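The following pair of complexes shares a single chain, chain A, combined with chain B in the former and chain C in the latter.
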Partner chain A sequence: MLQSYVSIENLSKSFGLFSAVDDVSIGIGKGEFFSLLGPSGCGKSTLLRMIAGFETPTSGVVRLDGDEVTDVPAHRRPTNMMFQSYALFPHLSVGKNIAFGLQQDRLASGEIRQRVSEVAEKLQLTALLDRKPQQLSGGQRQRVALARALVKRPKVLLLDEPLGALDKNLRTETQHELVRLQRELGLTFIIVTHDQHEAMTVSSRIAIMRQGKVLQIGSPAEVYETPVSRYVAKFLGEANVFEGGSARRSGNELKIESAEAGGSVLATASDHISTNGRYWVSVRPERVELSKQGTGLEGVIEQFSYAGAGRHYRVRLKSGATLDARRVNSGAQDDLSVGDTVFASWMPQAARLLAD
Partner chain B sequence: MPQPSWFNRLSIFAGLTFLYLPIVVLVAYSFNASRLVTVWGGFSTQWYTSAITNQSIVEGAKISFLVAAISATFATALGSLAAIVAVRIRRFRGHHIFNGMLVAPMVMPEVVMGVSMLLMFVTLGIDRGPVTITLAHATFTMCFAAVVMQSRLAELDPSLEEAARDLGCPPFLAFMKVAVPNMAPAFVSAWLLSFTLSLDDLVLSSFTTGPGASTLPMKIYSQIKFGVTPEVNAISTIILGVVVFGLVASRIVSRPSAKSSLAV
Partner chain C sequence: MMQSKPDLGRRALVLVPYGWLAVFFLMPFLLVLAISLSSVRLGMPPYEPLYAWQGSLLSIRLNLENFVFVLGENTYLLAYLTSLKVAAISTALMLAIAYPLAYGIASCSPGSRSFLIFLVIVPFWSSMLIRVYAWMSILRNDGLLNSLLLNLGIISEPLRIMNTETAIYIGIVYTYLPFMVLPIYANLSASDRTLIEAARDLGCSRIAAFWRVTFPLSLRGVAAGCALVFIPVIGEFVVPDLLGGADTQMIGRTIWIEFFNNRDWPVASAVTVLLLVILVIPIVLFQTRLSRTSK
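Presenting the complex of A and B:
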């Protein structure tokens, strides 16, 4: 087990009766780009604020690089935060905003100037140093906020929904920019986001949170391919989830009767799940094959949407349940249209069994 | 934009006339050459000359401006502290009562405040004069200053101070370095508002004054007893000018991010 650089141990935070963060333990390695992902109100921001030192945990411990910092106030922690609102100081120029943190450390003015111009160059802010924050565009403000936090060379950079205010194209661009910066500087980044695409794009690992608890931690591929619960499967991307009934095993394959899906579906035998209790079969839309003849779950195409890179179909199964399927847009003519009767099937290894 | 109907035009005309015609008449007659207040005798500025050379009036003006400046300073300081407590600490025990009591003097009858303060000064054996007027004005204008500061402080992004702390500033310094500079326009605005309120106060001043300390409004009021002279019109016009200037200046500086709306 790798020695954790940021170590969160049994951390809890309650506001009155409401438990915002509930017994969370996470170990984050040095140089990781770690995401805290969850819907609003899941406690991810509170967790980040406890790492920054803005909230005092009700119980539990935060360690940074081996030192316990649980009770160290924010201004003495080797962390820096990029705020959702950017929180740029309106009365100071861009240059003075960036220099603010270095001035608090009482560095020599020559060094401050040098480090400010260094980071300004890295983030293409050199021409803007004399402007006031109000005179900048959203993307420029975002870069100033990033520069102000990075110039302190923190052990950990905390980012609270850093791209929420940007439009979609700029956001994608900035995500790549963040990854590039993080690699170049070799810093540890912890980002809070509710955007699963963003989390998947930037992170080395993701912690999925819900109601103050961490449901799963893993690389983007791990959490996408092997979600631990129905919630995670549905939160991260899309998933067709059907409750499973009796199952018949042949070799490594399982044939599962599902009343919800209105037929039998395939999956691989899983060591983690017994098919005796309640369980569910989950399959991603892009793994579902639709054909006009053949075997599988029968249904009628109810909705079709053309999404550029792919074609999305919503199929109403005979059982009444819906099933989503997706085809890559290869440029070939589409042979399916709304109202067609189709059969949905998938490879056994495309399905995943979930206990909850 | 739709054209307002004749009824709308008429009602706004009637309303504004009712509010401002007396003031227009007052200003006009301050330039009257005639000694008779109701008879127009040609244009003249003689009453202004006579007003600013009137020793008693000048004395009253000095007291008024001094009292207004000092009481506004106290009111702004105290009002800011109250606003910080109301906005930042917010959910403390009894915050509803605190907020209510903070603004109560706005609607409290001035006579009641005047009598109670007079009683207090008498009981404590404090000699009445400019000092007691200043204290009284500071207490009554403080709530207005607090309201101005409160609204500005509530607009201020609390993550600004958090950002300063995050960058290495201890909490108190973070407040001084980040919140205070961004509240500067509100300080000016609160001060100007308190200043103008104090400048034209008559009731509270009359209750808390002592021998020899008459503010300008008190001087005017006592002159009126012997009939309205064009001189009173002239002084009133000057006061009106000062008050309008104060209010306009206070509005201009408190306009949120006036600069950012100009720069795109």
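Presenting the complex of A and C:
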């Protein structure tokens, strides 16, 4: 956490008795695309608003580029925010919306014009500069909001659910656009989102939040592959989680008896987790292999759904628990159908041991 | 059949305000217009009929002399100008009081907001006439205000406020203030708070954010409030009659004198029609500009 560009140290914010952000510490490096991910009410927006200067922390410190800014008001911070509602000024044209912050900084009009046209070109807004925000489509408004924040060349750009109002196709497109812009400009982006796919797609690192606390921080691969808890595993995509019982070790492999799964399951011993207390085994559906004959957990296919890119099976295990499995849709004929008896198994590396 | 039913209902609904305007505004105005084109006579009604049947011939006589007379007399012109001045100054005073008031109320919590707005409206529950009389007892030379200031030793002889223009301004501002507060409050309370945050984020201090975002966005409410007070104040009769002096002759009082003292209904009507023309032209200009900017 040394030499972080944005440094959040033991930050807390409570509203009355409700603790919105609870002792959070995060270090964000220069040029990172950092996501705050969590369900609504987890405190991610409050945290972002404290970085922007809209909320005063109850305790803790915010540092930007080495300077403590905890008590600096929003208009003096080197951050700019893109609002979820875009918050475009309805009485000003697109051009004047973008120029708003530069005019406030009393830049020369020539420089304002040049910077506005530069950013407008980058975001394909040049033809729209004379329009009013009400005359724009959702996607265009989103780009104006982005341009208005970017034109000020902030040290850190804060994005509060920036793509929430866009439809799915445009959202995917815009995610790539954001990543491209962020790389091109070399800026530090902090984005708040409740959409795990979005966080995975755009971020260099993700902080997963719940009830005001940060549960885990890591790259998309780290948090997906090695979640620290059942909650994180289930929040980031799907996970089959079974409580583990006695375990037998052979080499680097563990053979775990699980009453919940109704049999023994495999895992690696590399997770630093004691198998003496309560613990759980987590497996992603796409790592589960289903076959009609063989070994593994026996069950019956209860549900099948065709999801285009993949085929989803829900298996009712003999123990009564359910297990989800997914096969990539390779175009081959499907040999499994509802009612078939199948055996589910996975490679030891596919499973994760969780203590919580 | 089923589909046309709600359509019919909607049309009927639209007809209600038009019907109201036709019966209670347009018809009285046409009557006044007709009288203004007549000439005075002794008797009941105190004006000549506009038309007469001569056998099978209908003869209509329109008399424009009243308008020529009114436009040529300095008294009327002066009364118009005084009314415009009083209306303009009191509108400005009300704006200066009402805007901060509305802004303050709009920034309170929703619960106290409705209570404060209730307080703004509560004077309406008693008769305006009674409230103006109450002001007389406050502003009189031996009234509440003067005895208070005298007893406190702030002044040594009573202030002469009653029957001056100051008293008119006090009365008018007091009477009409809610009409200025309510539209501005409605506008400000509906404004989007994140716009202020966006302005702050882009480098505005609180004051700069107010002038660059809040104020321009509230101009519609300001315009509505100004129109709501300016227009009735021009024709105001009660306040200047009760609180004002003889030296401040507003147009409302002029019309009253023509109607009831001089019993010259045609001239009184001509003054009224001209007043309406003076008022309607700026409103129409304002409306067309407003609808053009909102497009």
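To be clear about the criterion, the second predicted complex is superposed on the first by the 352 of 356 C-alpha atoms of A that agree within 3 Å, B and C clash if a C-alpha of one lies under 4 Å from a C-alpha of the other, contacts with A are read in each partner's own complex, and residues count from 1 in each chain.
One rule holds in what follows: a contact is a pair of C-beta atoms (placed from the backbone, for glycine too) under 8 Å apart; a residue touches a chain by one contact, two chains touch by 3 or more.
Since this is a predicted model, take the numbers as computed values, not measurements.
Following superposition onto chain A, is the placement of chain B relative to chain C best described as a clash or a fit?
Clash: chain B and chain C overlap once superposed on chain A.
Does chain B (first) or chain C (second) touch A:Ala52, or do both, or does neither?
Both partners, chain B and chain C.
Between chain B (first) and chain C (second), which, if any, makes contact with A:Asp105: first, second, both or neither?
Touch partners of A:Asp105: chain B and chain C.
Which partner does A:Asn80 reach: the first (chain B), the second (chain C), both, or neither?
Touch status of A:Asn80: both partners.
Between chain B (first) and chain C (second), which does A:Gln135 come into contact with in this model arrangement: first, second, both, or neither?
First partner only, chain B.
On the A-aligned overlay, A:Thr322 touches which partner chain: chain B = first, chain C = second, or both, or neither?
It touches nothing on chain B or chain C.
Just chain B (first), just chain C (second), both, or neither: which does A:Pro90 touch?
Touch status of A:Pro90: both partners.
Could you point to the stretch of chain C, among 59-67, 149-157, 257-265 or 275-283, that collides with chain B in the superposition?
257-265
Under the contact definition given at the top, report the residues of chain A touching chain B in one complex and chain C in the other.
The overlap between the chain B and chain C interfaces on chain A comprises residues 52-54, 73-75, 79-81, 83, 85, 87-91, 100-101, 104-105, 148-149, 152.
In the complex of these two chains, what residues of chain C are touching chain A?
Per the touch definition, chain C meets chain A at residues 192, 194-195, 197-205, 208, 212-213, 216-217.
Which residues of chain A touch chain B in their complex?
52-54, 73-76, 79-81, 83-85, 87-91, 100-101, 104-105, 132, 134-135, 148-149, 152
Under the definition above, what is the set of chain A residues touching chain C in their complex?
Result: residues 52-54, 73-75, 79-81, 83, 85, 87-91, 100-101, 104-105, 148-149, 152 of chain A touch chain C.
For the complex, give me every residue of chain B touching chain A.
That would be residues 157, 159-160, 162-171, 174, 178, 181-182, 257, 259-260, 263 of chain B.
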